[in-house]
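Listed next: structures, encoded as structure tokens.
Both complexes shown next keep chain A, but they swap its partner, so chain B is in the first and chain C is in the second.
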Partner chain A sequence: MTDLIQISPLSAKAVPGLTGRYRTERNFQRLGRLAIAMSLGFLMFLIVSISYQGVGAFFKTEIRFDVEPAWHDEAAGDSYALLRHIVREAEPEISGRKARRDFFRLIGADAEDVLRATIPDKKFIWLPASDDMDMAVKADFEEGASRLTEQQLDWVRMLAEEDRTRTRFNMGFLTNGDSRDAERAGVGGALIGSLLTLVICFLLSFFVGVMTAVYLEEFAAKNNWTAFLEVNINNLASVPSIIFGLLGLALFLNIFGLPRSSSLVGGMVLALMTLPTIIIASRVSLQAIPPSIREAALALGATQIQMVFHHVVPLALPGMLTGAILGMARALGETAPLMMIGMVAFIADPPGSFTDPATAMPVQIFLWSDSPERAFAEKTAGAIIVLILFLILMNLGAVLLRRKFEKKW
Partner chain B sequence: MKEFEMTFKSITVGIALLATSAISASATDQIRIVGSSTVYPFSTVVAERFGRTTNFATPIVESTGTGGGFKLFCAGSEADTPSVANASRAIKSSEAARCAKNGVKDIIEVKIGYDGIVMANAKSAATFNLTTRDIFMALVQNMPLENGTLVPNPNHTWKDVNSTLPNIKIEVLGPPPTSGTRDAFLELAMEAGCKKVAWVKKLKKTDKKAYKKICHSIREDGAYIDAGENDNLIVQRLKANTDVLGIFGFSFLDQNQDVVKAAKINGIGATFENIADSSYPISRPLFFYVKAEHAGVVSGLVEFITEFTSDRAVGDDGYLSERGLIPMPAAEHKMLRAQIMNQIAKQ
Partner chain C sequence: MVEIMDTYIEIKSVNVMATTDNPTPPKMTTKNVSVSYDNNRALKNVHLNIAENRVTALIGPSGCGKTTYLRCLNRMNDLIATCKVEGEIKLGGHDIYARDVDVEVLRRRIGMVFQKANPFPKSIFDNVAYGPRIHGLANSKEELDAIVQKSLRRAGLLDEVENRLNASGTSLSGGQQQRLCIARAIAIEPEVILMDEPCSALDPIATAKIEELINELKERYTIVIVTHSMQQAARVSDYTAYFHLGELVEQGETNRIFTAPKNSKTEAYITGRIG
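Right, the complex of A and B next:
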């Protein structure tokens, strides 16, 4: 734009007030750049602070212990006894009930699960550390950064010096369900819940929304009645989302008797919320189709419905899909309506079907942020990263769809 | 066109099928728990352990607040209503009446232990030694004077309240009005301080409403700040601003001992031991309520109650004490447990 101003053949003398007008334009552009810089700054701050806090959630600390095959036989399948045995053999100098219990607190709650899953012929085994030790190692033993006692910190330092600790990618964080033990907790259950909810939400809102838009735009007469409908649809798009939750509670749970906390009901409620957005986006993309397409189809003898479904809708589809995906992205971030229908809950088992109790990503973030255990702060930020990545993927999909199918006239 | 119709038809049929399968699925193989957000961290730990160590499904625990929990709990006695309601206070008579009206007649009350409410500040800041009177005088909306009148709270600094306290502006972060923690704080700390004024104490007998209005109010001029339901946020802000005090549950103090420390109340520190022997003044019992009618209907319910009341969970050395629950004295626990088991056996 600045180029345009500079190569203008008009001189300041020839046109009175030209300098002032140029100045206004430059100032306006400066303001615009400032606005963009500010919003980018906020976004960067959010992303950097969340990444800084949350990157640790994707890694976990492990401790190496020696193990002999015979111990497995001795324990006879009792993984707790085996764990005790391994620790006792590894640290014989730690004596006294309290000291041994303190040392035992360095080992993660999921250590038994690991033991149960290993083959007995290994010479040594890596066991997950407890959340408290994990936090201490990640904070580099910084003063006041963990709940460990001096004695426990000394042990951790000793383990680190002996090269018996390592940091590994925490796959469980992506695959596990919710847990009250930070070392075991993962977003897997919430991810599946979100996915199931979105499937229902998409199936309901997309088809109903597109049909509504097509009818209103292509078939309905333009009269007071349709104008009234239009105002209402636009209004619905800005109704606070919790209202849809209340509606879902009254309608789907109390009258239809659908199962509480299920992703089916969650999806239905979110579909109600997304419908107006999709209807509006679909109508806009239908309006963008030039009348010549319609007239050409009709002139060649197509009926109204053939014209709409053979020509107009396929051309408008990329725009409709984009609208739908953006609506879905908003639905993905909602917690408030889900609270009313019981999806804000501790649900440990990942859902296997639409009717199983499920949570969703933002709900998981909300629940973790309120947990007293320190390690959940890291998990909260980690879950936010996963949610943001999910959103970026969806929005990227919307952009690609538009690029690939959009037609320009 | 045909194709479109086909897909549309199959999708409608699919949704209809889904809906019918949903209705036929029964909820009786999974325990549903609702209620207090204070009990939630304990209830979920028991639920998870229960799911992991038995063949029953892990119970679903919803954090709805005590009042919201009773509303759902008392909605009816059908198998798909919640079987357990967590509560950070005893059930009110109005709630029990609502239950009875909807056919929930047999409710078993289970006390699981105690929770302390602490007033804490940053570890690097001065240690506060407060009395309940100090707390009341610092936070009440309209202060009752000895001569029987009310004035808008004139105290700006802690020194104004009590000359032995530091000369710092009064600024307290605490739970919002919807929270059970706030109710308990009003009842245990504010009311106790309120009663120290003689004429207000007398008022309790003559005009209960006016009494409550004086004692259960919190100033709204910015000295008390609603910090939302998230106690972690309060801890974060205490760390950043050493002049501020925060009100939250003991379990958050327990987890953050390295950054915050609790004020002594009436000379008694907010420690595990002091809350357990109830010498610490701001502590309250925690409960859960069970629908006795569900004992034979919802599979695993009896086993779940057995686990939740076991020594292993709520006993002196139980796994919940590690999460910040303050256990009951052993004798009381034993007695209550026997009572509850009796009640269940009758079903």
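Right, the complex of A and C next:
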């Protein structure tokens, strides 16, 4: 039995210090896992809390009312009169100007829009509830969760018991522009604004950035002047974005006289900001192309231009695109420079062209986070969810593009 | 030493006759060529003639300047900003460093195969077709197909890749990749082919194939090959030049260099005492 207790000469214990080395290695791996767990934890906290607060923005409460075709003719196109008629008929027991007015506050500001769009042969109609009632329903009629009075809360409970309320997907949140009424407010305008801004930003910064990188990396002589340029490009990449906003204000708006608040100017400012990022990413991916490929092309009698555009640039393209999309993702989240050029204004209509006044997603979030109404807090979180989904889509696009263009050798 | 000589005598006997009976005219001449990188002399006063339709081997220990010399011949050294070439290099009597020489035209006539196979990450067809395409050598798809087929056949690769011309050039084995690079080089019908240690990363079987290929290619092309393997120099070359520390120590018919080297350094190198 003694030979079982003996340490085998092939075990780790037989070598002095080896068990200690293994312990260090295990501890290092544990630290790494801990770091990953922490970062994932923070990320989960952000996503869970934002989702919890914002998911309500994608749903809205509706109330059912009976309606007769004849009422439409009576109202003669006046949807406000029709709405009052419907409500008066539905709740005859509510009497008195004040009580009626209080009940009327349960109906959303966009109910008229719905009435205007309905065909007059329906027996009943679902009208959107006001933001206050919507909040009360979503909070399960909890006291103090909304601005409703005791009386109004009773009515809402009654409507719910009669099965006259329902929750529907709030399409308007994705398609509407901004509004003072929380029921009407949506991120549609800001989404289109962000999209137009990014299109301008990409068109300006990608091609200029890639050409700059290609020239500096492949054609320019390596001397003090190009070293100076390189230092300055790196400096530009770390300039705070608000400085670019001020530059845009001074240059594009005041000197060139381009339209204020437009996605054109927004895109131009963001392009200035994204350019250094794209130049640096493109240069890095050009540097990563092995010299053997360049030599192969040159030895066949290809000119410098042919070598660069037939071989080097196609191989560096995935890296360039990834850099560009990461730059775009950063631009999508920028608020400060856009505020400088007036994209922070209240804009109700989604922009129809590059020169129309527009706002962008992060600016919309900033604007709503400032609104006192409780419903806007929900909208803010909802808009953050939309922005994050937008970012995820862009990054996914970057991965897919990379896969598509990447070549193995 | 004895082994080397045995191999050499077997294979070389035919070539020895050919070169001694017909002294071939030089395809390229180099006079007094010196190369320096940042004032460090890499090559000193090299005089060497490259015989037409013959294989010239450049041998010598690492860092002796043989690759530098090779890269002067198609002006690949132009790519290195600090590299300075002096002296006179002529191709068919014309100075290749003259002011009005276009390097693209020059490299169209002097092809190169590199130490490490470097196929483009494109299809086998596109690899070979790239040179003819940029130089406009084919007027139609059929002509291009014919050039690609011919080049692959001459490089001894056609049978192996005929049914997968659209496969990536990088999917081939190391030896096949190097033969693909040779096919790519000969697709533009150069007059001279420079080979920079083309077999250094290959196994003996792949090496044997390339050497066989070099023997066939010299009927049409003038070949300059840098090699670290003295057996290889003995097997494939007609002329050998021995470089040492940037100087051309000795040159002559391969047969003579390996059997009766005049310089003691050459003898020391080929017998394995230095290197």
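Note that in this section the second predicted complex is superposed on the first by the 391 of 409 C-alpha atoms of A that agree within 3 Å, B and C clash if a C-alpha of one lies under 4 Å from a C-alpha of the other, contacts with A are read in each partner's own complex, and residues count from 1 in each chain.
In this text, a residue touches a chain if its C-beta (ideal position, glycine included) is under 8 Å from a C-beta of that chain, and two chains touch if they have at least 3 such contacts.
For clarity, every value in this text was computed on a predicted model and none was experimentally measured.
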Checklist entry - Looking at the overlay, does A:Ala296 come into contact with chain B only (first), chain C only (second), both, or neither? => result second
Next on the checklist: Under the stated touch criterion, which partner chain does A:Leu264 make contact with: chain B (first), chain C (second), both, or neither?
Outcome noted: first
Checklist entry - Is A:Leu203 contacted by the first partner chain B, the second partner chain C, both or neither? => result first
Item to check | Which of chain B and chain C A:Arg64 touches, first, second, both or neither | outcome: neither
Next on the checklist: In the overlaid three-chain picture, which partner chain does A:His311 touch, first (chain B) or second (chain C), both, or neither?
Outcome noted: second
Checklist entry - Can A:Lys222 be said to touch chain B (first), chain C (second), both, or neither? => result second
Next on the checklist: Tell me the contact category for A:Arg164 with respect to chain B and chain C: first, second, both or neither.
Outcome noted: neither
Checklist entry - If you stack the two complexes on chain A, which partner ends up touching A:Ala348: first (chain B), second (chain C), both, or neither? => result first
Checklist entry - Hey, is it chain B or chain C that touches more of chain A? => result B
Item to check | chain B/chain C common contact set on chain A | outcome: 306, 310
Item to check | Of all residues in chain A, those that touch chain C in their complex | outcome: 221-222, 290, 292-303, 306, 310-311, 315, 407-409
Checklist outcome for this item: Per the touch rule above, chain B residues touching chain A in the complex are 1, 4, 8, 11, 14-15, 18-19, 21-23, 25, 27, 30, 32, 37, 40-41, 43-45, 47-48, 51, 57-58, 60-63, 80, 123, 229-232, 249, 251-252, 254-259, 323-324
Checklist entry - Any idea which chain C residues touch chain A in the complex? => result 74, 76, 79, 81, 104-108, 111-112, 114, 116, 118-121, 130-131, 134-135, 168, 170, 181, 184-185, 188
Next on the checklist: List the residues on chain A that touch chain B in their complex, please.
Outcome noted: 144-147, 179-181, 203-204, 207, 256-262, 264, 305-306, 309-310, 342, 344-349, 354-355, 357, 367, 369-374, 377
